[in-house]
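Dropping a structure here in structure tokens format, bear with me for questions.
The first chain written gets the first letter, and so on, giving A, B, C, D and E; residue counts start at 1 in each chain.
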């Protein structure tokens, strides 16, 4: 299905600056905002133009597909995408590839992985697992009594982190050690209300999993109101600067840092390189997940909050 | 008369086309129908008169299924009936012009005239594809309006909410006149009509009666009532207080009955003719 | 008769300029979709002039494809809004439909049977909303909000966190299609949408049922008093809308061959937006399905055009917000002009 | 008479209280006002009559700011005026009973009567906290309804949409009667009223006139018009075709003028009295 | 006069049982909030009976605190819905307010000044919606949808991906509070909410302005013809709503001392839900702010009670959906009974 507009416009654009498309899951999550800022900065540094588009909510396959199509029409050299649903957008990605556009997944893998040319991502299962291991270790011999502050029901990242955490804790879904779970949509307000309600029911807990740092803050506020500050092991994931500050302030024990800046820079570099000489990157590149805590525990590689503050993403 | 449990008192002479006994309808503190009786005989024009708020509209709403009374019985040709909706009354052949007109404001005249009784094209386009026969609906609508003398309507596709008050009322009357098959009830059908148009409606009512169909006419216009009615049902405070024949009574007597200044049985009151069949017009 | 002719004469002798004005007035009053259409055309012209990539057959086809699912949802929504209702559950019903289709086929059901089951369930869910609205006389907003919550949860329970890729050719057929004039890609989904909108237009304007739908939204009490089958008509609208959502589900699988419980979370609002931009009143009884198509296209055109213009999504949001208001303002001004 | 550009023709004798020249209002293909003139003099009752759809309501809507005419001029006491909204007309002292009544259906009678002119408590609770004086509004509302003879309204807190047609109309008339300070315009004020209630409204109109305030009365009831009016403005096809004095004309002549069977100047037509001041009633 | 008394007599002599029935009827017709209140009470009783943790002063205080922000948003929403409008942008305005408060203070502005700026901006945004609705005569749905999109985008541009923790005591003061009877925690936010609802109730029912608001929603054309300042009243409602949203922003910071551009994404729908459950008609002109409080509480009670009952979140959604419909159905049945 060779059509004119695809090859024409990408050919035409090779004269001007390289156009890079970035498709994030949403515009709302600060994490993606940082991702796009980094990408923008990287593009500027390389003399490329970045067009950033996003879905409307986590899981907006339709929005991402439309974004990909519109970017291809626009004549971008390559698309960086944090795929909303690992399989939902494969068709659009394939069409983009067929039209000679370089496609790189950021942050989240596609399934199958070779639907994109390359992937620069955090392994969310690993990130969840790090949180789980740390929380388990901090409990020592005490039998865990856990509450789970999940994200959006059914979200990919949500499930991966959840699964990872339970692996790290050595638990399974349905284990009696899990005293409750609630979706928070990663929203502090929802997390706080959910935690309050769960605590009303049963306050004898000693560990909390949180999908991200806003959820952790909500959970911690509810715990504090119940007088449980410091008595419950709370972990989180993200590595935003506020999260690192929270760890430093002792609001929760640890967070697992991601590196969106790295992903963005590598992604932009790859597209620019492809635009120059057609070299395609390939494979999965884990951009890493780093446990940040001021109470290091033996057997777990961690950095302290000072390091975290220097490397946090927003 | 206050007791809704009174024994059925069907007239032995002729069975009324429509009869009601002991109807009651309360709205919180307000009692709109308070044990009302009603008799309509075949082939007559029955005028229903009464003060504002006497409960005339409520009564005919109960008779036409628009309102479900709390108590009381309704008999159609002697058979006890319960209308659960205006649709059921209409299917029984009772056509009503409501005081509120019951028109769909954003739709045009022809559509409103045929609302709920649309004509379909003949042949498979009609039966299978349910295609409306707009042309003939428009034509018939135009004819009907012309027959009522409404000549200022500039096109039959005009939206009803843009019509003048009288034009709107004419549409509602035209509709009832077109479709009544057993009886027609008209709640103040000429209130907004001009001199000529009112005349036409009165003629129309006569023509309907002459076809043997009874007509209930609610009106505040005494000359009109006396000109047209075979019997006059006087309503007051939610119930029937008298039925008189125009020939037996004067306008001022009827007005006195309406306001309660006079009661049936009082000296100077006209004779009550409840439950006596109207003279047949043939 | 003489009188009427006279009256008409008074109109016609008011002359050329006025005649034209009166004719445009009439057009605007009788075709509520004209205003939105004008806005759409202006948007297309502006984007064609300012970007080199917008006005290509390829892109135009894409824009239409992008609008299909929302347009189909909005078709069902239009019916319901015309009766004075609102449906917040439409996208949720559709998403459940996609999951039924996909999961059943994945688990070995014959595709045709899976389609039937999916259509049946969507229709049933529409009927439940309709039944509650019609016979318990509950506000459509609350009923469909409750349905939304329930159906989303059921969808997630049913999916158990999975999404279901679709490989079956029947389920994906609406995304397939051929080329017209060798260039313009026309998918079966587009054809289906055209057919559905045509049928809906026909049913709403050329059949008694359609008139009853309008009458119901116009003045429910008047509709009841005229002896329309009020309950039956209202119920039928929700039922039919349910079926239309099943078609939307099929369309969605044609576009994205993957059934995901989290997709189309803003589908309800998007569809209402298309309906309202298309000139249909949320108070019921006034509007048209043609307007709805135009409304859905306006949104897709804005999104595509702004991306072609290289505008960042945050600024795109600002622009979309402003332009959507502007599109409706344009319609209003056209109407006011003609009053 | 078709030319809206006709020179201003203010009567030298008395300046009309309200005057209009060459008003035009078109709705698409329909022309509701087609170069209409209008004159109302101080202290007179001016009846406006015409067929349904002649444009009477449209005319008085233009005079009361409810509708902005496409062309033409309106003069209030000889001063050219433009009302951009009904509010402006009301502030100029023109009170109107619209044919549609203009009541808020879900609100009660007293509230509707005082809508836009609510009474506040005296003292700081009123001026500072803007507390309404519900008690005295209810009392005055009750008095006003009683004065119109509407006695079936069972309590003044009844919601307007639950009132009978006549009761509703009485509320609208009562409102205009209470607040008119310069002139009162009534569009078919007695259409839904009973015999007694109509009488009271006619008395009310007389009393208003006797206070020196002019009244415009639209009515289809010829006896009523002839009984009450000082001059009769005949409207036809969107414009004024004649102004006659009841004394100079018969009902059938006026009806003929309305329908176009007779024209001013024809043999047998009554004399046109346009622009001649009405006799002062004192 | 005789006539009227007579008519009344006919009513009273209809006897005891009927008298009672008529009195309940009247109560239901005149207090549209009674139905929802019944539903709330039933929900509280059921949860108190089935769980041991629901009926504790501690938990009841929590439930109220959880409902505060949505209730305040819903207060502004009620005003707008009463005029026949709808506000989809309310939560977005509020969130922008929280960010202004928090960021300005973080950057060194005096807290009082930051509050003033935040209130000013919220009022301004309300005024923009109001102006478009009032003077361009645009549908509120579209105007506030456009505003929503624009304000969300502005908020994100302004925040640049950050959220702003609040440490200042003035900004967080509404989350503070004391204990009543030594047990029941009453925050300043609760007190403020009570005061605001009381003022709104007073303004809507005891002042001319309130009557005009109702009249406007009831029948805009009648309101215009009676000579109400239609434009001014409508505009004032949106403006005041904007100010109320600023209060909601302050409430939000009291509950969660962190200004996050992504918070309260469903705040608009949640507030409309509270309004509609509270018995206010989306067609305008009928309803009350008391109903709205009850509506907001019902939602919070359901969520808390279902959690106390140990129900999983997905099943909670199912139950919430069903119960919300049931609450409104209860109201309807009570009304029908009394008809």
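In this text, a contact is a pair of C-beta atoms (placed from the backbone, for glycine too) under 8 Å apart; a residue touches a chain by one contact, two chains touch by 3 or more.
The UniProt protein names, listed by chain, are B, D = ATP-binding cassette domain-containing protein; C, E = ABC transporter permease.
Values in this document were obtained by computation on a predicted structure and should not be read as measured data.
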A-C or A-E - the one linked by more C-beta pairs in contact: A-C
Longest centre-to-centre distance from subunit C (ABC transporter permease), chain (CA-based): D
Chain whose Cα centroid lies at the greatest distance from that of subunit B: A
Cα-centroid distance, subunit A relative to subunit C (ABC transporter permease), in whole angstrom: 35
Rounded Å distance between subunit C (ABC transporter permease) and subunit D, as computed from the means of their C-alpha atoms: 46
Distance between chain centroids, defined by C-alpha means - subunit A, subunit D (Å): 72
Set of subunit B residues in contact with two or more other chains: 27, 29-30, 100, 151-154, 237, 259
Subunit C (ABC transporter permease), residues touching no fewer than two other chains: 3, 7, 11, 29, 156, 314, 317
Numbers and ranges of subunit A residues touching at least 2 other chains: 27, 153
Residue ranges of subunit E (ABC transporter permease) touching subunit D (in the complex, touch as defined): 1, 3-4, 7-8, 11, 29, 206-209, 211-212, 214-215, 218-219, 221-230, 285-286
Residues of subunit A that touch subunit C (ABC transporter permease) when the two form their complex: 3-6, 9, 19, 27, 49, 51-54, 56-62, 65-67, 69-71, 73-75, 85-92, 152-155, 159
Subunit D - residues contacting subunit E (ABC transporter permease), complex: 66, 85-87, 89-91, 96, 98, 100-107, 111, 115-116, 118, 120, 130-132, 146, 151-154, 159, 175
Subunit C (ABC transporter permease) to subunit A touching residues, read off their complex: 52-54, 56, 58-59, 62, 66, 69, 156, 159, 161, 163, 165, 175, 252, 255-258, 260-266, 300, 303-304, 307-308, 310-314, 316-317
Residue ranges of subunit B touching subunit D (in the complex, touch as defined): 27, 29-30, 50-58, 99-100, 150-155, 158, 162-167, 170, 188, 191-198, 220, 222, 237, 255, 258-259
